[in-house]
Amino acid sequence: VSFDRAKLLFKTSIVVRNYEVDWQGIVHNATYLLYCEIGRIEYLRRMGVLIDPAAIRKESLIVVARNEIDYLRPVGFGEELMVLSRIASIGESSFRFESMIETAQGGDRVAENTAVHVWLDQLNGRPTAVPDWFRENVRKWEGKNVSILGGKP
Amino acid sequence: VSFDRAKLLFKTSIVVRNYEVDWQGIVHNATYLLYCEIGRIEYLRRMGVLIDPAAIRKESLIVVARNEIDYLRPVGFGEELMVLSRIASIGESSFRFESMIETAQGGDRVAENTAVHVWLDQLNGRPTAVPDWFRENVRKWEGKNVSILGGKP
Amino acid sequence: VSFDRAKLLFKTSIVVRNYEVDWQGIVHNATYLLYCEIGRIEYLRRMGVLIDPAAIRKESLIVVARNEIDYLRPVGFGEELMVLSRIASIGESSFRFESMIETAQGGDRVAENTAVHVWLDQLNGRPTAVPDWFRENVRKWEGKNVSILGGKP
Amino acid sequence: VSFDRAKLLFKTSIVVRNYEVDWQGIVHNATYLLYCEIGRIEYLRRMGVLIDPAAIRKESLIVVARNEIDYLRPVGFGEELMVLSRIASIGESSFRFESMIETAQGGDRVAENTAVHVWLDQLNGRPTAVPDWFRENVRKWEGKNVSILGGKP
């Protein structure tokens, strides 16, 4: 993974909690994915996409199809982190989030994550087109930073 | 990711627990990494590598440097899964685990994970050579399935 | 809490997973509640109560109103545990589960938990009568060990 | 449990994260214990007690011996909560934390937790006297709100 740091404009702040530290004394590798998800959820909420259990059940089912994550630096209890998030591209039925975790002080790079999401049809569970309202929201929010394939001409 | 299923010989059985199911009604994406880790830990234990908090602190510090995971099928509460695990290769200071998750009934492919681990020096926290005793253990356990770089000639 | 061990007939087996061990090298205190819940869910499933996300949403909403837990012994990675579970009493709109965790080898007492559950009306979210089919199921399953208040005469 | 709200002076702010919401669409019951723990850890840190893996391993081993928690109101994704914490009493080898969770807006009571902690000897794992430096720290921090038994006269 190699991210363009300058395009990651959205930031969410996180402080490492004690129970996220494992028996090695550092944050567990699966927990980094939770941190990236916190950033993505906050990004979507600020962009105006309603995220709640009812919305998830009725209107859309978005699932993670692939995660790639590089761990660049261990982090410990109480450390302040910054999660940077952006939607980097949208395809026919999928979109790709990039997340970067840094230390809040000093900006040391902690992890880089790419998460591919797929939009599923609620009835048959198969991939379906990313709806136009979502494409438009992202286009307005990210401007020309995002690469968007398809949608209304 | 594209795995050679025939080389994944070690199996660990898992049943999905209720609290692993998220608000979408399916197992959360970060939890798949925990399932793969359960498989890896069991693999190492059976191979004869002592895994406990004291051993981790004193003798070795192994960290995950990279995770790649493809989610191929959602799973729900109570489903029986099989986690297949193997060490696919060992480098100078790292080794790579492959994990495949399948449904226990039917063998539907659920997820494929590659996890790169790095061996750290306890004192300075820098990558250090994978010790020979570990290389030998894996060589005996995996036979010619594993690709081993370096170590004693 | 002081339980009658002889009345706890239902058993569920659990092995401590590595990520359940915290930075103190022992299983985290909140995780004991998850272990007790695994036992309760398995108890209900075997008794014939359908547990799945759809059933939870449509037919019934059962919430935990109170937990009491005494921690009697720390447990570490890889330890085999036995969770003993029973419904000890049913009231108008609530029922009480007792759980005991023991080591599988030796039967050392690890923890004792009482969990009070309340049956809620799906529409207004207020406590509602425990349905008769549930009372009957428990009566058949527990026999005279369970104290049942109310329901059909 | 029945707490004196006026004595709970220390506050920690928390926002419900998406992965803390379970398949019922509300925060899972075990997660409330994590919220209370976040409050306790922050309380201790502000009071001047060093909390980190090294300190835990070398100087002291404090374990939770009992948790009591009443769940008064479900909470959902994105809700802002306030955790109120205090050490209510110190005995020979134990101390008792009280925690109250409220909604940040409106102050609705969400949960009340009592957690009894025991100080263990690092060598033999048996209960040992709460050290004087800890008693003094709490006495200064809580003033006459805390009931302290024993220690230096």
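Just so it is clear, A, B, C and D label the chains in written order, and each chain counts residues from 1 on its own.
Assume a residue touches a chain if its C-beta (ideal position, glycine included) is under 8 Å from a C-beta of that chain, and two chains touch if they have at least 3 such contacts.
Everything quoted here is computed from the prediction, not taken from an experiment.
Q: When the contacting C-beta pairs are counted for C-D and for A-D, which pair yields the higher total?
A: Comparing C-D with A-D, the pair joined by more C-beta contacts is C-D.
Q: Could you find the chain whose CA centre sits the greatest distance from that of chain C?
A: Checked the centroid distances; the maximum from chain C is A.
Q: Please tell me the distance, in whole Å, between the geometric centres of chain A and chain D computed from their C-alpha atoms.
A: 32
Q: Please compute the C-alpha centroid of chain C, do the same for chain D, then give the distance between them in whole Å.
A: That pair's centroid distance is 24 Å.
Q: For chain C, write out the residues touching at least two other chains, lowest number first.
A: 18-19, 21, 23, 25, 30, 34, 37, 53, 77
Q: Inside the complex, what are the residues of chain C that reach chain B?
A: 17-19, 21, 25, 34, 37-38, 41, 45, 51-54, 76-78
Q: Okay, in this complex, where on chain D does chain C touch?
A: Listed in rising order, the residues of chain D that touch chain C are 23-26, 29-31, 33-34, 37, 53, 56-57, 61, 63-71, 74, 125.
Q: So in the complex, which bits of chain C are touching chain A?
A: Going by the criterion above, the answer is residues 18-19, 21-23, 25, 28, 30, 77.
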